[in-house]
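Which chain is which? They are A, B, C and D, in the order written, and residues in each are numbered from 1.
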Amino acid sequence: MEYFLELLLSGLIRGSIYALIALGYTMVYGIIELINFAHGEIYMISAFIALIFASVLNAYGLNSLATFAIASSLAIVYAAAYGFTLEKLAYKPLRNAPRLSPLISAIGLSIVLQNYVMLAQTSSFVPFPNLIPDFAFLNSISHILFPSEFLILVITTIVMIILTIVIKYTKIGKAMRAVAQDRMMAMLLGININYIISVTFIIGSCLAAIGGVLIASHIGQINFFIGFIAGIKAFTAAVLGGIGNIPGAVLGSIILGCTESFATGYVSSDYEDVFAFAILVLLLIFRPEGILGKKRDQKV
Amino acid sequence: MFSFKEIKKSFLISLWFMFLTFPLMVIKINPETHSILWEWKNMLWVGIGTFCISLLVRFYQARNKKKSLSKKLFFADRKIPTSVIVAFLFFSIIFPFLFSNYHVNIMTTALMYIVLGLGLNIIVGLAGLLNLGYAAFYAIGAYSYALLNYHFGIGFWLAIPIAALLSALAGILLGFPVLRLRGDYLAIVTLCFGTIIRLILENWDELTFGPSGISQIPRPTFFGIEFSPHNVTTYIYFIALGFVFFTIFMVNRLKHSKIGREWQALREDEIACEAMGVDKTKTKLSAFALGATWAGMMGVLFAAKTTFINPASFTFIESVIMLSIVVLGGMGSISGIIIAALILILLPEYLRELGNYRMIVFGLSMVVIIIFKPHGLIGNVKKNYKTDYDVSQ
Amino acid sequence: MSHNKILEIQNLSMEFGGLQALDSINITFYEKEVVAIIGPNGAGKTTLFNCITGVYVPTRGNIFIQNPYTQMKEKINGLKPNIITRKGMARTFQNIRLFKNMTVLENVMIGRHCHAKAGIISAMVRSKKTRDEEARIIHDSRELLKKVNLVDEQYEYAKNLSYGYQKRLEIARALATKPFLLLLDEPAAGMNSKETAELMDLLKEIKKDLHIALLLIDHDMHFIMNLSEKIFVMDYGKKIAEGTPEEIQKNPLVIKAYLGENI
Amino acid sequence: MKNTILSLILVCFVSVGAFAKSDVITIGVPGSYSGDLASYGIPTKQAVELVVNKVNKSGGLLGKKIVMLPEDEMCKPELATNAAMKLTPMVNFIIGHTCSGATKAALEHYKDAHIITISPSATNTDLTVSGDYPNFFRTIAHDDAQAMLQVTFAINHLKAKKIAIIHDKGDYGKGAATLAKNHIEKNGQATVVLFEGITPGAVDYSAIVQKIKKVNPDVVIWGGYHPEAAKIVALMKKKKIMAAFIGADGLKDETFIKTAQKNAEGVYASGPRDVSQRALTIQAKKELKDTFGVEPGAFFLEGYSATLAIINAVKKAGSTDYDKVKKALTTTTVDTPIGDIRFNAKGDVIGAGFSMYQVKDGKFVEVK
């Protein structure tokens, strides 16, 4: 039983790591129906930027809490800037192109960004400083839950709630949903499409940055390739939960995380990804729109 | 040439990029010694570079506005003149006698990717089923040959139909669960399929020899005659070339046949397609199976060409490159796919001189091509059924 | 008028969740008839269409077709749309569903496919038989295009046609499946009066030349009254009246439910 | 478009032709210089460049300049074949490839063309032991030697009875892990209680660590590189698993200690004998720092030594003739950063010892 619970916990942690990235993924998809392959790269770049600024601040002798705050804020700002620029450069010109064309530019961008970071910084793994402060109240259970894991769980939940509220109740959120449903109509109603899409990308990239800083702190090392793997898993999780659906992304991530964890624990970690992907395929056979995704009936 | 306003705009853009690249380009940290290097001159380069590129783009856009639309669509909807085809044919045949083995080898790879692109085109371009796991079929073909040869000594030429059959079966196997899925969901499931196949190759040591792969796979023979290592490259080149011709011929036939039109109709509108009496299940499965067949055959050729295979050759990136060939070429267009395959495969090879920058240039060219030609390099050529056969009453 | 039954709907009901879209519909169609179904928006006309053509599987009730040539009677509810089409019923769509990026001719050819035999192997081998079949398909499709007056546009992409032409192409495509019953979902919607008049002529001609039955849904009363021989009126998923156009125009129930005080 | 391709091809053809002169000695350096395994290839390229430049400055080799031709193959067998075909007509020697798989794919071509190949990092046992490739040498011990060392160390020194083996499913990692498993089974004094692969690059490994805890081994043998190991070691500490952790040369990297920090304490790793005090080693590191401004990466010293070995052999042989150089490689001993080395008949290095290290106070310390 204890073994089961431990596996469950590790599944939850893994799931919430996926969720942090999947949230941004699913949000961008929900608004503009684009699989933003470069999302994982934004996550990677923000981790690097946090690392760079943290090192600089450390060198100037700032204390750890201030370093954490400043470095992660800068990472978020830069991620937003990168997200904004990428959208303007590579996706906006393709707004009216066939559906697969933005996918190709996303893949191309992904390659460019990976190699850009590799050349500008380094190709090997870089240790990432543990920016997250130790929480005193966690000391008694530190063998079960790291502070970083605790923070990831908490922040995933908070981000999910805020995002749901923003999209459901605020003016910009309503505009986003309008754009998602019918871009043409939204435009006719006076919504500035370009502005809404930019905002979507900026929010999505900020989420990637939050994920980048937290996950990098948790794992303790980064290289230019981490975005790719994390991106694919997050994408899987987002689809599992019903792509475009915010709580769905979290649920999908948790299910994915737990599946992998139990597969490792009870079968073999050799086939952990096989189980993860098999569960997705199975689910999609019976519920092609994902767990929480809305069924889109085609009107005949 | 440029107004002050435009120059100012470009200047602002370059400033923005200098800001954007500042932390990664300027601050170089060394995690081992905790030392920090400030490389301000990189910032200058970024600034100058983006300023020039931005001006160039502006220039291009200004020029394009003046041009008429028909000029812009220069390639689209036009049949390629016979003279060009003949020249191309001639060139492809004398190619191995003009260039060194290395170039022949690279060109063979490009030819193989043309076939792969054309095969994937059946699934993605014609039937409209997004597939991100095409490399799995490629892997099945390669491993079929390697293993059949290892265990039963089956030769290259016999392995080709067997691998084609096995891949087609795998295609149907993948096709069944995804019948109801469309678009991005299909993409993720095919991606999963590709990954699952690769993981099985990695983990099932007893069957596949695991990650260390299978080496010393025999190269193709010519009616039992073995070629010298030098000549075999040329021989494989001609096999690949033969496959390209065969595939173009077949895909062209398929495209303009009953089944081909049904694929396209399925891509356009599933519901209308069913209402016209087209069997959705059969049509989708046949697209998956036929598309996979070409990948299977190329897999055999790949194994025979490198003489060594391991799961690392069949990663997700491989599928992505194959998909990019189809999309960049212009979905459904055969000549477009040929050009895209040549660009995507030859470019990184010949960009080697650029060293570390080659992958950046490669990625950038993908983005640039798709932005300037969002429908792919070459549009679909319409089939005129004018000159077809007389109706025998 | 001949009195062979071709389509028989018995007690057909369709529910979506709690919504009763169709409620015990009983309708019989006869050979070579032109029948219209009218009713206010949301009355369940398109749902009925979708049940007949196999897009939806009805909750209760039965649908039978009887092929006028072979006189074979079969139950078709639950069959897939493509099977039903092969059995001799074809349809058009309320919001046009053409194969937009295919040429006009190819669109019609797809319709003809359900009577062709060629499979994958024969497509690759391309034997004499396949070639003849292909030529046959092209020839027949072109003839159909001539009938709907689109032969000049045969190499145009379907998406480039005008709205009226697209509607006509959809009809030609449906006819290509050689139906004995053609179902038209709001064929005149969105057309100007000239286009409607042309369409009316076309449908009359089709009925006369091809001896097939037509089932229409439309809101254009002039169009319906002019064309149809029999009218069914639906409201809230129920059939509330049936009869000739004259009878329907006088039926108080219909006036109340649908035509309102306009007449 | 066609014209562009044509001209591109022509340009490359001409540029290739320019190198094929005989008044230089060319060394091809194919390896993984981009992609996810770039960090294992780039240091070799740097090492070769340093040595070649130094030799050229002091008058070259046999009076000829040495030209180095790096080729990126991303550790992919098919790209390695391309690189091999490109290099074969132009080079006298090869230093590379980075990965065993790529090496295997490329070696066929070098073998046919009689080109001596020295890899600083391809550790797959078959490459030398099978005897299939008489032209192949390496400056690193093969996996089997390391696996043997690990297993004897675990059983004799650590008195392990239950051993868990974890690997990264890769060519190198799984290969090494399988060899270790075979040695344990042959030895018979200990049992393998767990043999599983993890996915490299995954965000979290707590499930597999949980499983390790469940089987409660005395020793965990790791087959793979250091990034994943650092995560596993941290989780093992967290879950209070006391089993000793043994890795191979893929783990013995300063970055491991930097990443795992205090969790790295007590971890064992087999690796090339400690050479940090050798004069040549210090010199090589200094050259690297001065030229590229970086610390040595993986296989830097092996690459440096491979280059020195080739140059020495050519000097001794007095020509670049295949047989003469081969003989020189196996008979003459040369002073390199990794030791005074020569090669045995199969191509494995002699004189570069292997030893077991343990992390103590943030440093790898040799276990006597």
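The criterion applied here is as follows: a contact is a pair of C-beta atoms (placed from the backbone, for glycine too) under 8 Å apart; a residue touches a chain by one contact, two chains touch by 3 or more.
All values reported here derive from a predicted model rather than from experimental measurement.
**Student:** By label order, what chains touch chain A and chain D together?
**Tutor:** The common neighbours are B.
**Student:** Indicate, using Cα centroids, the chain positioned nearest the centre of all protein chains shown.
**Tutor:** B
**Student:** Per the contact rule at the top, check every chain pair and give me the one with the most C-beta pairs in contact.
**Tutor:** Looking at every pair of chains, the most contacts join A-B.
**Student:** What chain is the most remote from chain D, judged by the mean position of CA atoms in each chain?
**Tutor:** Relative to chain D, the chain whose C-alpha centre sits farthest away is C.
**Student:** Could you grab the centroid distance between chain A and chain B? Build each centroid from C-alpha atoms only and quote it in angstrom.
**Tutor:** Here the centre of chain B sits 28 Å away from the centre of chain A.
**Student:** Centroid of chain B to centroid of chain C, CA atoms only: how many Å?
**Tutor:** Here chain B and chain C have centroids separated by 42 Å.
**Student:** Please work out the Cα centroid separation of chain A and chain C, and write it as a whole number of Å.
**Tutor:** Here the centre of chain C sits 49 Å away from the centre of chain A.
**Student:** From the mean C-alpha coordinate of chain C to that of chain D, what's the distance rounded to whole Å?
**Tutor:** Spacing between the chain centres: roughly 72 Å.
**Student:** Provide the list of chain C residues touching at least two other chains, using ranges where the numbers run on.
**Tutor:** If we look for residues of chain C contacting two or more partner chains, we find 55, 93.
**Student:** Residues touching two or more other chains, restricted to chain B: which are they?
**Tutor:** If we look for residues of chain B contacting two or more partner chains, we find 31, 203, 271, 356, 359.
**Student:** Could you check chain D for residues that touch two or more other chains and list them?
**Tutor:** As it turns out, chain D has residues touching two or more other chains at 34-35, 169, 197, 255, 258.
**Student:** Once bound in the complex, which stretches of chain B touch chain A?
**Tutor:** 16-17, 19-21, 23-25, 27-29, 31, 34, 36, 42, 124, 130, 177-178, 180-181, 183-185, 187-189, 191-193, 195-196, 199-200, 203, 271, 316, 320, 323-324, 327-328, 331, 356-357, 359-360, 362-367, 370-371, 374-375
**Student:** If we count contacts the way the header does, which residues on chain D are in touch with chain A in the complex?
**Tutor:** Listed in rising order, the residues of chain D that touch chain A are 34-36, 38-39, 42, 169, 196-199, 201-204, 206-208, 210-211, 214, 226-227, 230-231, 234, 238-240, 255, 258-261, 297-298.
**Student:** For the complex, give me every residue of chain A touching chain B.
**Tutor:** Touch residues, chain A against chain B: 29, 33, 35, 45, 48-49, 51-53, 55-56, 58-59, 74, 78, 81-82, 85, 89-90, 93-94, 96-101, 103-105, 107-112, 114-121, 126-127, 232, 235-236, 239, 243, 270-271, 273-274, 277-278, 280-282, 284-285, 288-290, 298, 300.
**Student:** Along chain B, where are the residues that touch chain C in the complex?
**Tutor:** 250, 253-254, 257-262, 264-265, 267-269, 271-280, 286, 290, 380, 382-385, 388-392
**Student:** With touch defined as at the start, can you tell me which chain C residues reach chain B in the complex?
**Tutor:** So the residues of chain C touching chain B come out as 53-55, 80-82, 85-86, 90-91, 93, 97-103, 105-106, 109-111, 113-114, 116, 118-120, 123-124, 126, 130-132, 134-139, 155, 157, 173-174, 176-177.
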